[in-house]
Structure formats: structure tokens, C-alpha cells
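Letters are used for the chains, namely A, B, C and D, taken in the order the chains are written, and counting of residues starts over at 1 for each.
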Amino acid sequence: MPTMLAMAATSSTPAGMKTPDQADSLVTRYADVRGWSKRLVEGLQTEDFLLQSMPDASPAKWHLAHTTWFFETFVLAKNDPAYQPVSKDFSFLFNSYYNAVGERHPRAERGLLSRPSMDEVWNYRRETDERMAAFLTSEPATEWLSIVELGLHHEQQHQELLLTDIKHAFSRNLLKPALVTDPLATKNMKTVEARWIPFDENVVEIGHDADGSFCFDNELPRHRVFLEPFEIASRLVTCGEYLEFINDRGYERPEFWLSEGWDAVQANDWEMPLYWQETENAWHHFTLHGRQPIDLASPVCHVNLYEADAYARWKGCRLPTEAEWEHAAQIELEKETAIPQWHPQAALDDEDRQWMGHVWQWTGSQYTPYPGYRAAAGALGEYNGKFMCNQHVLRGSSCATPASHRRPTYRNFFHASKRWQFTGIRLARSC
Amino acid sequence: MPTMLAMAATSSTPAGMKTPDQADSLVTRYADVRGWSKRLVEGLQTEDFLLQSMPDASPAKWHLAHTTWFFETFVLAKNDPAYQPVSKDFSFLFNSYYNAVGERHPRAERGLLSRPSMDEVWNYRRETDERMAAFLTSEPATEWLSIVELGLHHEQQHQELLLTDIKHAFSRNLLKPALVTDPLATKNMKTVEARWIPFDENVVEIGHDADGSFCFDNELPRHRVFLEPFEIASRLVTCGEYLEFINDRGYERPEFWLSEGWDAVQANDWEMPLYWQETENAWHHFTLHGRQPIDLASPVCHVNLYEADAYARWKGCRLPTEAEWEHAAQIELEKETAIPQWHPQAALDDEDRQWMGHVWQWTGSQYTPYPGYRAAAGALGEYNGKFMCNQHVLRGSSCATPASHRRPTYRNFFHASKRWQFTGIRLARSC
Amino acid sequence: MPTMLAMAATSSTPAGMKTPDQADSLVTRYADVRGWSKRLVEGLQTEDFLLQSMPDASPAKWHLAHTTWFFETFVLAKNDPAYQPVSKDFSFLFNSYYNAVGERHPRAERGLLSRPSMDEVWNYRRETDERMAAFLTSEPATEWLSIVELGLHHEQQHQELLLTDIKHAFSRNLLKPALVTDPLATKNMKTVEARWIPFDENVVEIGHDADGSFCFDNELPRHRVFLEPFEIASRLVTCGEYLEFINDRGYERPEFWLSEGWDAVQANDWEMPLYWQETENAWHHFTLHGRQPIDLASPVCHVNLYEADAYARWKGCRLPTEAEWEHAAQIELEKETAIPQWHPQAALDDEDRQWMGHVWQWTGSQYTPYPGYRAAAGALGEYNGKFMCNQHVLRGSSCATPASHRRPTYRNFFHASKRWQFTGIRLARSC
Amino acid sequence: MPTMLAMAATSSTPAGMKTPDQADSLVTRYADVRGWSKRLVEGLQTEDFLLQSMPDASPAKWHLAHTTWFFETFVLAKNDPAYQPVSKDFSFLFNSYYNAVGERHPRAERGLLSRPSMDEVWNYRRETDERMAAFLTSEPATEWLSIVELGLHHEQQHQELLLTDIKHAFSRNLLKPALVTDPLATKNMKTVEARWIPFDENVVEIGHDADGSFCFDNELPRHRVFLEPFEIASRLVTCGEYLEFINDRGYERPEFWLSEGWDAVQANDWEMPLYWQETENAWHHFTLHGRQPIDLASPVCHVNLYEADAYARWKGCRLPTEAEWEHAAQIELEKETAIPQWHPQAALDDEDRQWMGHVWQWTGSQYTPYPGYRAAAGALGEYNGKFMCNQHVLRGSSCATPASHRRPTYRNFFHASKRWQFTGIRLARSC
């Protein structure tokens, strides 16, 4: 698994931070996850917390308050009918998409919430954390624990969104601010030749196996899928490879593009991944370390589904389905652990496998429910199911995904046109 | 198979027309399909041919010319390098979405093509048909025959679109014109109780088996799919059943709706299917016979995917996947033929089964390529593959689908928000 | 006054038509004006009557029916409470902007009115004309006569709009149809040097003097205006002069443009007047005679207020106010009549004065009520007053304006961004 | 002249602030005006400075930096070719609409400028003020002094905009923050009966007389205008009077509205002035003191031109032209000074006259250049002239206008649809 430090070189996460993956109890884990949110924003100045650069994104302040609102609303208030909220206005201000929990502040106007101030939001977090600590040490019923666990994974999702959103907002500022000002560890990757990993036809199982470890409802139930024979690439597509597509006029040739993608290319004048910039002698991109030269051996990032799909067609390949991806990842990740540290292959793991922790990997699968899927009851049921339309599934995880939030059954999803997440490409082909 | 006459009662196709399903040679079949296009528009006046009521729709004139352009461009001109077009302007005017064949007249402005006149377009059809007749009787190579066959199926697709487009345009006119003015056969349907048809878990085959009969490239290749156990309804959802959803405030309760669907309901003030109208004591809808009372026993029509999905959730069910639908249809359609005509069940087939010929049936599957799918080479390869993004698959066929154009492997597709096609609902559920 | 024939060379009106300016009674005048509408559309084919190429424009069918609706609604039906309309649907379909007369068919969807057919609309006109003839010969009260007169001027307005609208619609068709197919009289104009006509400071009177001749309510009351000294150009800006502005990169230099105009130039990629086209060696424009070479000595046409204003600034001048224009025109038009036909000056009148009958002339005045203005009561009061906001006044008249509809007090008005009318430029400057 | 304290009761300006109107030298005046900007924002918290609630509005930070940029760009840098800017990025970030001074940060994205921080912007102001103080005490040429004076009036304009923009932004926040938290002086106004002040026909002079006192270029030159006889109301329309219009269904009756206004009413669901809210038993509005009950005797505020015009038509009146307003104000303001303080009339001045310092007063005049108007050369010429299209003139001044920035010749202008400025209504009528 690549370290955050290595990641920083790739695509821009705060260096020198420790991910909270050794939590051995929910109390500790709660403190770790919540503390991690705080560490992520250490590089922000007060005004930065308010930035919202597009309706898709939210201000850091909102992320920090909304994740707190989750614990207050779904744990503390539900558990105690006499619960007194830290502020009764916050349930309106920091609700997100839960129609069942009442009215919401308009999403596109979250950047107008200069009040409550960050001081008040920090206080909201502190106060809620104290109440949660008291609650968690009071030996609550198991059903509560799973909601707390859900809340922590919810916060981890927002940790990633917070980073992608602040990156987007900073990129629109001429001053090109850096979230992380540590010197950048310049560990340039070497490009390893990609191999095709073959898989025979098979009935395979995918989905979470409900072994007690956490998952979202959309990963359930574990079920069978028939896979025709296929091959999947041993590593991600690199910036250098993607540059060949650009140089081959990939953005100007409709034959590689989905119809909707081609329309979007024309309408938005897309010519390269988001944050890329061509200067006289070199390519640069905007990162959380500010503007940096592009390392051609690193995985291409900030491409959308249309770009990923067009690149794949240009190569005569396609994107993997999510079932293919998950099956391949399960088998390959098991292999990985079997490689002794002294083995030369181990040193290459970083660049060569990249199933996790680099960039989210677009699949050719649109986001639909698994057979037998049932949404949770009540407001928490709004978490996933209602978005199962016109979104594409992404698999793996990115450098901005907390390590304890990564798993091979995870189904991330975004609209085909979105590019501001840490999203990249792994190729596949039918045999 | 229901007759067109019965269909007219349901949802509005010209009564008294014969479908061209006994064609025993390509020459005959060519003449039949082309002649059918002409018969469909017998009820139109000269100005009606120009109507375009939205960018999604095209004028009848355009449908009639574009289908002719197909034969001229992909058969006559390709076969003979010295070919002289009927009019050299038409290749620009009547190209649709084939980027590879050059520039196009803007889709949203097809309603501005008062020139060429309908007289000229009829002449274009006549002249092309004569050239095609000469070509087809000249014993062309087999590869040409399959392109001619494709052209005929292409024309049959446009026959259905022509009807849905003219229905939409007429509905916007206060005078509520009728395409068909024959007296309406008022054969009201009886509602038969819907049954659940169970299917065990299984690896099944779907897709066209490439036995020589025609199919589009998106139906290939035949491949294996694992189905978890499921049940599918024995008939379509009726207008009467859908009315219960409306009366239960289905359009006002977000918990039944996909997130995108709920936004669309709000933005468009949808409260009922397209063309429905509530008057003092009754429900009416606009049809190709003009405004008519709604037969509550007939299948609900002109609902989009959002409405179909919301209805299904309200019933505690879901939509079938396209694999489930195709597998069930294959088995049920085989059964159907085994019922002797004297059997009481036979009389109910019409209302009870409805796999084909009533309304297209939304599935829960988004439109993605089958494993091993390969688009055709050249311009004809733009026919299907490039639309495989953010569309939903519909199965079966509608009363407006020519009988020889129907088959269980057919993959129709539209965007989730579209309602102007003859689209309805069949329920399914996991076991 | 230039003939229609000369005009045809300039900017596109049917040649060889006689304007109805010798009507000596209202009965005759009614027949003449109504007949003229019919003559204007002799070059149209049935489908052309339905064309609507933008929401600002209306189909010819609609113009022909709406002007008829005016007589039926405001004369026949108002005069006789028992009046039976030719068709009761038409009052809904062919109402335009009269809120007081009930609901309206949406303006942007007039192109969907394939029904009623043109046959029915011609019948509507014929029937209404017979009823009007009977009414007018029945010696109606004087108050009715003035409404009939208003109706005729209303129809004359629509005659001009009909021509501009059909020109716009035809221009969008690759086939570039011509309304007028007579051979074009190639009477190229000679450019006469423009002179500055000076005017001293003065209190002048403008507005219609209510002498019994017809005017719209917005030309009333005649009132006094103080004019500081100014000069106005003796003729219109020519295509050749405007071309110098283009060649001097006028469309690329923000310093000449109103802020709103500059934004519009960017948003619409305007680089030249509407209908102009630059080819290898020459400039062409689309006219009602089809595509024609541009006569550089003719007045520039199809520019909007932004372009007129930018041209004027580039020349170090400005546009005249409407008071300046009207005052100058009154004095100059009186002079004109004093020139004997044998005088050399007479021969130059055509090119040299151009107050009337060439192109509408943008003024620097926004359209506001005259002091003491009162709108007519009832629905007819909606004719003018409610549009007195964010429109600019144009003065003079164009080649498409019927001669009996022209007068120096006429206040035409359009939004600053509109270019599809026959609109041009006369310069002025302060002393 | 009403005090700011009285104003606060009316419509929401910081109470207890002194306006800088006794400045006796440019150095003092510079310090006063610049200091006033700082005092205005004393109630803001750090994050509030970044708020931008619509593209029309700008963040307080931007106002504070842009006004500073003006002095740096047009005085310091122009005066000294070797000038070193405080930050070279700021000339890009804080340019507003001066095309001639190079590229600009997109207006709608000013809310993304979290960097530079407010600390840096305060430092930018401090540093610039020191340099300006040095410059002003160095006895610069007179031509520079007039640019400095322009810069100060420019800053005073932005002081008013800053208040209207922050009011708008705060109004969108559920917490309804108050800029001013001092207890509100509840000095309820008494409604004084409005009188009609008559004026005979006359040639009058309007425009600034260039006596050495400051004015913007759009107030020049002083020139003659002929006024037909008219009457103008002795005071502004009150909230109570406007409420009668609302209660008479004024917002539902198209006959009172300009066509464009009626469309806007429908599109925006306008039913009352901006910031008004009807609760069970009372009307409230949002002010810079937070949410407050409406004082019915105070002038109605936050109406746009459409509403002002519709109200006037409903009353059978009209809005004054700007010439009528200026002429009447000149005469009435002279009278005002003649009333001895002991006279009973004096006590009523506040409510009875209201020419200045309450709300900007919509006129019926669109914003066009005065005869003989010449824009200043260079970038400063972009200040006014290029906006002279599709804007309406407002006269007087509001409670948010610094006293030394008010004068009867002042031509404020906004688009007819805008309501977030302190804008109200004075009636007029023709005789």
C-alpha cells in the first residue's frame, strides 16, 4: 500500500500525516477519524473554509459541520428524546440530501454560510465529540454502534471530498495557493510495462460478505455474477501514456467518444485532464502542493468517464465492468500479501499493481442496485439507493481516501462528466 | 399477438392498416416496408409534415427523407462510385448523427426545412426506390443485402418515431388533430389479475444467437448471465393501477423517487403521465385518434423511467433487469404458442401476457455493451455503441412497432426522463 | 421616394409590386391593404407558411391570421354582440400580446400550428373580408372607422414583419430559397459624399399634430423639445463605409462598444452584419432574391443598435436622438418637395437623402412615453405603452414598409440586440 | 438632511456612525473617506468579507481592495513609472470593468478570493494610504488632484454597494445576521399627506454647472431641456401606501405592468418588495439590523423599476423624468434652506421632502448621454458612458449614500429589474 508521502508526489495529498488505521476500539476510532478531519485542514486560513467553487463542491466548513450533524441527528438525538441540540439552527443548515429529515439550505448556496463562524463550528464539533464520548462509554446497544460506524465512514467520505473541493476552489485563484506547504518529496515513479492479467469464464461472487466488518448498503448482498473471459491491466494508465492520446489528437476525433462525451468536449473545450496546463517546454498541473511539473510515470488523474472511455477505445480496449474489477482485485490483492518483502516484485508493488490508494478507477458499469438490494429504513436509506441512475461506478480508492476506508467491494460513483475527484483509468479487454 | 386494431384502442395507432410481415423476399420486403411508411402518413396534411415540437423529435418529412438517404448513402452510392445523387444537397440535409459522413443540418432546426417540399421528398423516395429495385434485382453480393436489411429495420424504427413525434406535435395544438379519423374500435379490456411468474437461480443465455435472422449490433454476442432467483409480473401495469399511485399522492412523496427523478418532477411539475388530463368527472388522454377517455384496464403508457421506478417502489417491487426480462420472455413466449386456440387461456393472452406489441417496458438496466460487443466498422458503427451512456434499456415493443421489427432480444433505449415514446411498466421482485 | 424596384436591389423586397397608396376611401383602402398581404406571399409554397425560425419571428400563416383576427375581434365582434366567429378557436390561436383579450397560444410555438391549414386561413381571411365589406358599406359610426384604420396600419406593420421573418427563416436553409424569383434589377448605386446638415439650438415641436391623419398613440401628443445645436448626416452609412469599420478590426476593439454590446459580440461571435458572408474574393449577403453580391454603395442593413453605436463612435460621431431626427427630417423632407424634377439634385435624391424607404434608422433614444402620453383604453391600449422599456427607437422606414404606412413621426422600436429587421445607420454629432 | 440614525430606522444603515462631510482639505478628506470604509465593516467577521451572493454583488473584501487598486493604478503607478506595486497580482485580481487595463478576474467568482486574506488586504490599504499621503503632501499637479477626488467618490460609491451587497448576502442566511447590533432607535415616522408640487412649462437647465465642485462625467454638460407642465409629489411613497397596492392584487394584474416587468413578475414569483415577509399578524423585512417590523410610514424600499412603474400606473400617475426630478429638486432644496428652524414646517422636513438621503428614486428616464457628453480619455472613460444602454436613471440618494457624495445632479443607474439597492418611488403626473 503506498504511503501518503508517495501519494503526495502523485496527486496532491497533505504529506506527513498519519492515517487512523490502527484504531482498536470504537472510542479510539471515533477520536482518530474525527481528529483526522482536523489535521487535514491545518493548512487552511479562516476564509478558505467558506470556499465553494461550484454547486458540486461544498465548503470545508460545511463538510466539518455536516459530518458532526450526522452524529447529533442520527445518534444523540435519536437515542435521547430529550436531547438539546448544540444549536437548533444547525439541523437545517447542515442537512445535506436527507429529504426525510426536513428542509435543507440550498446546496449551491453553502458558500454563503459565513455564519455560523468557524469558531462556532469548531465548538460544535468539540461539544458533539464530548457528548459522543460520553455516549460511547455508556455501553450503548449494538444497533447504535453500527450507526456510529456508519457516521465514521460518512466522515471519511467527506474527508476525501473536502480535499477535492478545496483543490478545485484553490485552482480558480490566480495565486494558486497550496494546502500543503511541506517540501514535496520528489520520488519520481518508474514506468513499469503493463501486463494483461487473464481470467477465465466463471461464476464469481462479488459484494460484501457481511462478515461483521463495515460496508455501505450498496455493497450488499454478496451475489453471483457470470463473467465471460477477460483480461485486465496490471497497472493504471500513466500521465505519459495519456499524453500520447492527446498528442494523437484524441480530443479532436469523434470516433473515440461516447456521443454525450463528444458533445461535452465541444461544449467545454476540453483538451486535457482537469488541472493540466501546457507551457512552453513542459506540462504542469495544479496540486494540493500548488503548481507542479507532471510526473509522466504517475497514474493519470482528474479524467472523467468520457475521457477514460475514449482513451480505452483509442487503445483498442475498454474499461472493466465493476464485477470484473472486483473479482480481479480480490485475487490480485491476495497474491500481493504472499510476496515476501525481500522479493524484487515487492519493490514494484507500488507502481505495478495500484488497486488501492492511487486514483479511483472508472468502470464501464453504470450504478445500479445489486440483485436483492434493500435500502436501509428511514432517512439513512437515502444514503445510496436514490442515486442509482445515470452515475458510473468507480472502484479502488485514491490517495485521498483514508486507509481504513478502503476495501475491494467499495462502490464509489460519480456522473460521467465529473473530473474534480481523484479519478483515473485501468484498461480491460474481452478475450 | 394483438392486432393493430386492438392497439388503437390502447394507445393510438392508425387502425385498419396491415403490417408488412409476410414479405418472402428482400425485393418484396423492401417494397412493403417502404410502402408502410407512406400509408402511415396518409392522414397528414402538407403542413403537418414540417412539424417539429421539440429537439428530440423530427418532422415526418425528415423521417421520410432520412430513411431514403440511408439507402442512397450506404447502398447505392457505396456500390457505384459513379453514382449521381438525386440531389446533392440532401446528403447534408438528411444525415442524422453519423459524424463520419460529414456535416449535418442542426437537429433542432429540422422543422425549418420547408424546402425541399414534400413533393420533392416524395420524388426522392420514388426515384430512390426505383434505383433500389434495379439494384436488388441485379443480384448484388450478400454483404449488400445485410446493409439493405439494416436499412429496412432502420426505416421501421423511424416509422415508430414518426408516430410518436407527430403525436407529440399534434398534442401541442389546441385543435387536437387526429392522425386517424376512422371510428375508434371501443374494445375495452378487462383487467386480469396479475400473477407472479417465478424463476430459479440460473446461468442463462441472452442476446441474439446469430442464426441468420436480423439483429442490431447491440444485441450481440449471445452470452451467459447469472440470474439470482426472481419473479416477474404476468402482465403490464394498467392505467387503473397507476391511477392509484397518483391518488396516493405518489408524485408528492420523495421517498419513492430516484434523486434525479424527484428533481425532474419538481422542475417540470409532473403530476401524471404525458397526455393525460383530468377533467371534472373523468380522465382523458390525447391519442392519435384525438382526445379519448382513458380505458383503465389498458396498460399505462407515456411514463418515463423515473415514474416507472417510483411506481415500482411504491408497490414494494422493482423493475426487471434486461437479462431477467429477456430470459422470462423467451420462456413465456414459447409457452404461449403451445396453448391451443380453443383453450380459455388463449382468449386472455391478449391482456394477460403483453410481452410484445403493447408498450415498451422500462428495465432497471442502463444501456451498456454486452461482453465482447464490437461496433460495426465505419459510419454504420455509429449506430448504437456511442449511445451506451446514461440511457435505460426498454424491452418488448409497442403498438407502434411494426410486427416484423419485434423480437425478444431487441434493446431499445431512451434517457430516463423521456415520456413521448409508447413506454410502460412491468414489475419484478427478488425472492 | 425610391421605388420598390430600386429597393429590391438594396435589400430584398418583392420587385414589381405596387404599394396601395392611392386608396381614396376606406373600403378601397381596406381592399388594397388586405390584397397587398396576399401579393407579398405569392412566392411562398404551402409549407413555407409555417416557418418560425426563432421566438421573435412568427410564421407567415400566423401574420395572415392574426391581422384578420384583429378585425374580427375589435370591429365585427365588438360591433355586434350576437356575432358568430368564423371559428371560435381562432380567438385563442391568433391573439398575440393582448393580455386583456384572454389566454394566448405560446408565442414560441406558433410554428406548430399546422392546423388550421392555409386553406382554412385563406378562407378565414375571405370570410372576414366579406363581413368587413358589408360592415364598412353600412355606414358605421366614426369611432369604428378609426379602429378599422388602426387595423389596416396594424396589418401594414405585419406586412413588414412577415418579410423580415420569412427572410430569416429562409436564411437558415442550406438551399437558400428566394421569395422573389424575378430577375434582379441591377441598378447599382453611386456613393455620394455625405454632408453634415447643421441645426441651431431651438425649441422645436415633435410628435404627430393630430390633424386627422392616422398615427399610433405613441406619437402623441405633439410637444416641445429643446435641441442643443447639432449636425446630422445627409445620407445613410453605406455597406462600403461599414466594411472599413470591419477591416479596422471594429468588432475586436472594446473601446467602441457599449458594455452590453461588447458582451453580446463575444457571446454571439458577431463579426459582420446579419446575412453577410465573406467568400474568397467578395462579400455576399442573403436577400429575398436569394444570395447576392453586396452593393457597397447601398445603405448598410441588418445591424443592431450595438453595431450602429459602435460604428458611430469609431467615426467620432454619435447616433441622432429621435427628436433631432424628426426635426431634421421634417425640414429636409419639406425641402425635398421643392426641388423640380428637372433639377440635377432631384436625380440624387434617392441616394442622397434616404430619410424614408431604405432602412430603419437607429436613434440614440430609448423608447419612453412622450410627456402627456396616454395609452388607449382597453385591449388596444396594450399596443404600445407597455413596451416602453429597454427598447430603442428607430425612425424613417424601410424598403419593406408600405408607402402609405410611412411618416416622419413614426416611432418604431426594437431591442438593442436585434438585427433581423431592415435596420441601418445615420450619423449625427453635437456642435 | 436626515441623520444616519433616523435612516437606520428606515432602511438599515449602521447607526452611530459619522459621515465624513467636514473634510477641509484633500488630505483630510482622503483620510476621512478611507477611514469611513473601515468603520462600515466593523460589524463583519473575517468570513463575512468573502460573501458574494450573486454575480451583481461583490464581497466586502473585493470592494475594499478594488477601491485601493484605483488609487494605486490611476494615481501612484501613473505618476511614477518606476512604481513598485504592493503586490503585482492585485492589478489582475482587483480590476473591475476597465477593459483598457488588461485582463480581469471573472466577476462572478470574486467570492473565491479567500487569498489574499483580509490581513493582506488591510495591509494593502494601509500601505497604499501611506504612499498616497506622501504623494498628496508632495504638492502634486492639479490634474492629479482631480483623479484623487474621482477615486474618493469612486470609493464612496463602493461604500454604498458594500452595504447593499452585505445586506443581500446576510439575507440568504437562515441566521439573519445583523451588521449593526446597536439597539435600533425606534423613531417611527408619521405619515404626512403628500401634496402635488406644480411646475409650469419652461426651458430649464440641468446637469452639473462645472463650478469646480466634483461631478462624474455623465452629469456634464449643463444643458437646456424643455419641460411641459407637470406636478411632482412632495414626498416618497410609503410602505403603507405600497401595501395597498399589494392588497389590491397589484402583482396579479397585468394591466399595470410593463410587458417586460410582467414577464419578470411571473418568472420570479414576485409578490412584494425584496426582503419583505408576511407573517401571521404583521409584515417584517430584513435590514442591516436583522429582521425588523415594517414601519408603514417610512418610504418603501427595495422595489425595482417595474414595481415603481406599476405602482405609479395603479395610482393613475407616472414616474418623473430625470429632468423633471432635477429641476424640482433644485427649486425645492433651495426653499428648504429658507425655512427657519423654529417654523413648524421645519420639523416635517424629514418626512415631507425626502429629496436626499432616504432612498434612490426611480425615474422614467433611461440612461442616455447628455447632449454634448464626452467620455474621459483612456481607462477612466470606461467609467460611465459604456453603460448607457438599457439602464434606468435613479435620482436623489439613499440612507447608505455618504452625505458628501450626494448632489441633485447625480445620475445613478441600474437595470430595471434590480431590487437590492435602496430604491423607492416618487410620483409625478402631467398636467
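By our rule, a residue touches a chain if its C-beta (ideal position, glycine included) is under 8 Å from a C-beta of that chain, and two chains touch if they have at least 3 such contacts.
This one's a predicted model, so the numbers in the text were calculated from it and none came from an experiment.
For the pair chain B and chain C, there is no chain touching both partners.
Within the contact network of the assembly, the step distance from chain A to chain C comes to 2.
Our note on geometry: chain A versus chain D, Cα centroid distance of 47 Å, whole angstroms.
Centroids built from CA atoms put chain D at 60 Å from chain B. Centre-to-centre separation between chain C and chain D, using Cα means, comes to 39 Å. Residue positions of chain C touching 2 or more other chains: none. Annotation, chain-chain contacts: A-B, A-D, B-C, C-D (touch as defined at the top).
Across the complex, chain B meets chain A through its residues 97, 99-100, 201, 203, 223-228, 230, 254-255, 257-262, 305-306, 309, 318, 321, 364-366, 368-369, 371-372, 386-390, 416, 430.
By the touch criterion stated above, chain D contacts chain A in their complex at residues 45-51, 53, 89, 92-93, 105, 109, 111-118, 169, 172-175, 177.
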